[in-house]
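Order of writing sets the chain letters: A, B, C, D, E and F. Residues in each chain are counted from 1.
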Amino acid sequence: METHEFVTAIDTIWVLLAAALVFFMQAGFAMVETGFTRSKNAGNIIMKNLMDFSIGSLTYWIVGFSIMFGISSNGFIGNMNLLSTGSFEHLGLTVPKEAFLIFQTVFCATAATIVSGAMAERTKFNAYLIYSFFISLIIYPVVGHWTWGGGWLDGLGFMDFAGSTVVHSVGGWSALMGAWIIGPRIGKYTKDGKAIAIPGHSLTLGALGVFILWLGWFGFNPGSTLSGMASNDIAHIFVTTNLAAAAGAFITMVITWLRYGKPDVSMTLNGALAGLVGITAGTDVVSAVGSVAIGLIAGVTVVFGIEFIDRVLKVDDPVGAIGVHGICGAVGTVSVGLFAVDGGLFYGGGLQLLFVQVLGVFAVALWTLATSFIVFKTIDSTIGLRVPEEEEVKGLDIEEHGIESYADFQVKGISMTN
Amino acid sequence: MSDLVKIEIITRQKKFEELKEALNSIGVAGMTVTQVLGCGLQKGKTEIYRGASYSIDLLPKVKIDMVVPDSSTDEIISITKKVCATGTIGDGKIFVSPVAKVIRIRTGEEGPDAL
Amino acid sequence: MSDLVKIEIITRQKKFEELKEALNSIGVAGMTVTQVLGCGLQKGKTEIYRGASYSIDLLPKVKIDMVVPDSSTDEIISITKKVCATGTIGDGKIFVSPVAKVIRIRTGEEGPDAL
Amino acid sequence: MSDLVKIEIITRQKKFEELKEALNSIGVAGMTVTQVLGCGLQKGKTEIYRGASYSIDLLPKVKIDMVVPDSSTDEIISITKKVCATGTIGDGKIFVSPVAKVIRIRTGEEGPDAL
Amino acid sequence: METHEFVTAIDTIWVLLAAALVFFMQAGFAMVETGFTRSKNAGNIIMKNLMDFSIGSLTYWIVGFSIMFGISSNGFIGNMNLLSTGSFEHLGLTVPKEAFLIFQTVFCATAATIVSGAMAERTKFNAYLIYSFFISLIIYPVVGHWTWGGGWLDGLGFMDFAGSTVVHSVGGWSALMGAWIIGPRIGKYTKDGKAIAIPGHSLTLGALGVFILWLGWFGFNPGSTLSGMASNDIAHIFVTTNLAAAAGAFITMVITWLRYGKPDVSMTLNGALAGLVGITAGTDVVSAVGSVAIGLIAGVTVVFGIEFIDRVLKVDDPVGAIGVHGICGAVGTVSVGLFAVDGGLFYGGGLQLLFVQVLGVFAVALWTLATSFIVFKTIDSTIGLRVPEEEEVKGLDIEEHGIESYADFQVKGISMTN
Amino acid sequence: METHEFVTAIDTIWVLLAAALVFFMQAGFAMVETGFTRSKNAGNIIMKNLMDFSIGSLTYWIVGFSIMFGISSNGFIGNMNLLSTGSFEHLGLTVPKEAFLIFQTVFCATAATIVSGAMAERTKFNAYLIYSFFISLIIYPVVGHWTWGGGWLDGLGFMDFAGSTVVHSVGGWSALMGAWIIGPRIGKYTKDGKAIAIPGHSLTLGALGVFILWLGWFGFNPGSTLSGMASNDIAHIFVTTNLAAAAGAFITMVITWLRYGKPDVSMTLNGALAGLVGITAGTDVVSAVGSVAIGLIAGVTVVFGIEFIDRVLKVDDPVGAIGVHGICGAVGTVSVGLFAVDGGLFYGGGLQLLFVQVLGVFAVALWTLATSFIVFKTIDSTIGLRVPEEEEVKGLDIEEHGIESYADFQVKGISMTN
């Protein structure tokens, strides 16, 4: 038994268990997205989440992985190898290629699944599947290549440790584009443009989802070391991840209490996620105090971000995905330029890193908005993106899937709200 | 059979248990209860959910239907007023309307005997 | 007190909000709303669930009960027809029936004053 | 229009499907169904939950409302008795009451034609 | 610190964490089984799942473990040692005996818990407990001994890496026998034998359960190496497990879409499980492409299998346990004979392995059907297997346990279906 | 690569993954507490759980950790270092300080979150936050210092391996004090003092919570070795933890069946938790048989304990937290004095250990009851502890947070119970 076998074993165990935790985030997304939307669409959302992961796993294995991690000829896109074959030795991994593949697969699926929440309750199922295919095929892998696959952003020194931008913002900006193109749900805005609340059908499931996501993040961030041997790093990442989430939840509660008069449960749940998304980019390079700061910033951002999207942009995002993943992903990535102990502005590192971080955020936003625009517009003008009005009123479950998700319960047909 | 009436009481949910006890105590055994939503003078209220306004303008109420001999009407009304009147808006209403016929399914009995 | 009637409207859930607004606008303040299931000319449909047939033959409807002076009946009927008639099967029905007595629990007022 | 009545049947949930079929077979197409809770001669029961007593004294029942021509009343009553009478307490009741007016919202038809 | 101590530590960590994940599958089963059945029986199903695990853990520790792994005198059953005492050195484990014991305990409980779903909504609680006791005591341990305990099937070269047959088919065939003997739920078939849908009460919880099970499978399959040092193997197993599940879900969606006109949510959830059950036997010896093939086969099989059971056999299995675990377990095990890179028919390995696989599947089916027949028939003719009709109508929760599982919600007493 | 680096890596991985599992217990508590209470208060309970963890994480990091593990000057309280800075070398850890910090953080949060269940459905949100702050700041860290931080109880030889007393009883006794001071929910007792059942709104979620907690315990107990190298220990701890839980659930079912005529689902779920709480103190030092015995004792205790609290003390504890965590924590800790293979009375170890265990239990109870009395009484006489009657009737969700947790479902306004 040689030393390197132990290193490989320890690193592999770490990466695989982290992958399992990140996989479980799919359950978290499914619960958050169903919990925060209406019961008549629950089965549809679940189906979208399940298919995001299933189609994503297959697509990423067949094509995406090599686009992301294939040898870079131009810094833009990797050399394609169907079925993830080939050596990938240039990555210099200490873990087997397949361990790396599964870890990257669950990351890709995370980016993909973010969108279903923002477009929930009105998107045609087949249209959604097509989008889901393209994000795993090309939109996400290209961004991944730029940053983690040896591409041009990596070359510039862009730091996005576990994917505030690569994963979350890609999901968030696609979500923004999708939700904007498809338009708001019926009843979301009054004739004079006032936003009306459409409460979710189960805060309990939504909260369960947030706890599951938080758990998953203990794989997402520390697993991104790709090494279980890096004891100090992974311990530090656990601490910063947790503190940022706690700070995000706490400050969101305080702000909603001040702004709305009462502490808002679902927004506070979003606040925890905001902290997690925000810390993801710099989880390894900021101090514990820095992580609390980033959590606080993300928590403040998410409240105003969601309000801005809802009231000013008038983009209807039922679960707050754009605010949480898009905006907080960007804010978190930029924060690395401020809080990185080594290179951050607040630690005397100057503007260099900050500039690269901002550049990276914009480049990824541009790419994602542009490509997802093309995908959604093409779908819209061919098979159509949105279900008919009658179907939206009755619910997608019965019309798209022929079921009721809660067949035993008396559902309020007329809401107590208007 | 013009001596049978249906009394509908619409009132607050939290008064229900007490009212049921009180009605039982004056011999009203049978009743049918429905969960309803109501609006009247009492209006709902507006909350903020995720920053958007969320107005609740129908309030949950309980409706109790009893078919009884007309002769019991006054007693039922007075006991209902005693139990359910809080003096604040939202206490509810009592409606009395004629019933032509009553049949007990089990036995086929008709009229007052069927109650 | 023969001048009071109960109007029951059974219609589509999605028309409810609009109808409520319309009724409010003509001065009907009080109403009691129940979620019901209905069948009539409009029939349900059959889906397939896990390969087995799954037929839904009662459709969710909303029932609105209002006790009002008989004199308002025609206006209420006409406004309901305006709001709820889509011309397709399933629009629902209006039933009008006599009410003998109305009491406001809070104050004990009776008759039209109690509405 | 004194020839229209409303028949309310309150009975066991598990009899509902059969009753609906039976009513359909004699030509009653329209009905409105509500989930209600009832008590009468049949009483609830007491269970123990975590060591504390837990008494269920309202039982779930189903209420079926049909507005029909008075002439159908007897047939409906007899078929209901046939289907729903089990001979044990809790079979339920049938109430018949007058209806003054019926309107079909879709077409505006009134009276028996509207049924 | 010597080398072997590190090996032991790494292997032990691996096995224990895998055991924890497999334990969590109990929650997955509980959610799938309650979600796919009616709310009036939810508490009863939960209680059965909890007791499966509790009674199973005790019984397996007291007797089952040694029956399964005790020294084999005849290839049929191990030497019994009460309370799992004795050395078990003949197993040549690199991990402590107790690590192996807990890992095997959670496997045993998995087999046991499969049955509760198939017999849901009509089985007496005490009757169920007796069955549950016997599967953990003898039915499962004997099959385990044949295959993993050095018994006769093992001797023939039968390959069932993590238990498509040993665990899932044993559960599945017991479920078939139980569901057949107890008969369908009231209202499941019309007088002329047409199958009627009885929708579950919460697709959301059912989906959560499937995600939990999928997560658990990342312990179930890779943990079965019993070694965290086997880096390449465990990484490969992660990949094949995931691809098979994704392929199973995907193809099931497609088939239900084609056959029923709409993509069926609950069947697609079953499809993911079918892929997982199918890959379990060969997860270590098939290629990634092979795993996709097995996932597709399992996904197709589960739709037609469930239909066959429902419409042709007229056996009422509310959650599809027989199709998923019994049939797909068998199909997956046989597939090893086709797809094993080393020895499979499609890779030029000839018919030898295929033959052994088929033999193993049949032998286990026979044993399980026979023993479970005896158990269920004996119960039926003594204390009775089925609740009275009145109780079935009212629900097992109130009658068997004196509770309502959803005391606050208005449950539809009359269904909107007939 | 040196040997100690491998030791550090293996121990760190172990501690961090255990921390992740213990973190997940927050989801378990959230589900148990909401599931066992009424739907009108679900959002409020979730918010309390989320804030317990968020405020607790921050507070413990800022102050609590150093109070607990700072160098002990007097055996009573550690030297304070704000923000957990300083070396903590005196602890002689094999893992990085931050790994230890996060592990201890999730333990602290476990103690804190126990109380929300016992005080559910009537406690003001702001009042609860203040209590939650104090338990993480001082009440728990001081007890932790006595026992695990080198304090006086540790010096006496008090054995509480993973915290039956330190974590669970601290939570349980605070819960007792809180529930006693705040008084029972409206409708919990008849005028003549008879206890009335107020059933929870979702047994399914409650059961899910119990399964999640059971899973989390596989981090809680084996993680407390702080070492993944201790293969035999962690394997043994897995086995004893599981057997005690199984035995607890089983015996509770039997007793409720005998006492109440039917096996009680929610009490049996409590029984599993009782077994887990009970074994926590001695999980490493009792035999498998001993763990079953402790599980049985805890299971019996919990039924009579909950009844005693409910009927005799007339303290209203909606979820049974006092019985499960307070009483069974005490009983489990004392049981170590009986069942410890080395030093326990039943193994010929005499009364010495038993005496120390009893002393520790009483000392901790005294401290916790006294300090929580001060906290709750102070809150009560300033901002008030309890919501107004009108709010309690309507539900805390709508009044404290402006939401309905289940906006789509028709909730029974009048219960079918009286």
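The rule is simple: a residue touches a chain if its C-beta (ideal position, glycine included) is under 8 Å from a C-beta of that chain, and two chains touch if they have at least 3 such contacts.
Only a predicted model underlies this, so the values are computations on that prediction, with no experimental measurement involved.
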For chain A and chain D, chains touching each: B, C, E, F
For chain E and chain F, chains touching each: A, D
Inter-centroid spacing, chain D versus chain C (mean Cα positions, whole Å): 18
Inter-centroid spacing, chain F versus chain D (mean Cα positions, whole Å): 51
Whole-Å gap between the CA centroids of chain D and chain E: 46
Chain C, residues touching no fewer than two other chains: 20, 33-35, 37, 47-49, 54, 58, 60-61, 97-98
Chain F: positions in contact with at least two other chains: 6, 10, 13, 17, 199, 202, 208, 260-262, 264, 266, 402-403, 406, 409-412, 414, 416-418
Pairwise chain contacts, counting only pairs that touch as defined: A-B, A-C, A-E, A-F, B-C, B-D, B-F, C-D, C-E, D-E, D-F, E-F
For the chain D and chain C complex, residues of the former touching the latter: 6, 20, 29-34, 67, 97-108, 114
Residue numbers on chain D that touch chain F, as the complex places them: 37, 44, 47-58, 60
Chain D-facing residues of chain E, complex: 393, 398, 402-403, 410-414, 418
Complex interface listing, chain E residues touching chain F: 1, 5-6, 8-10, 12-13, 16-17, 19-20, 23-24, 26-27, 30-31, 34, 42-44, 46-47, 49-51, 53-55, 57-58, 61, 83-84, 95-99, 101-102, 105, 125, 202, 205, 208, 397, 400-410
Contact footprint of chain B on chain A as seen in their complex: 194-197, 199, 256, 259-262, 264, 266-267, 303, 306-307, 310-311, 320, 414, 416-418
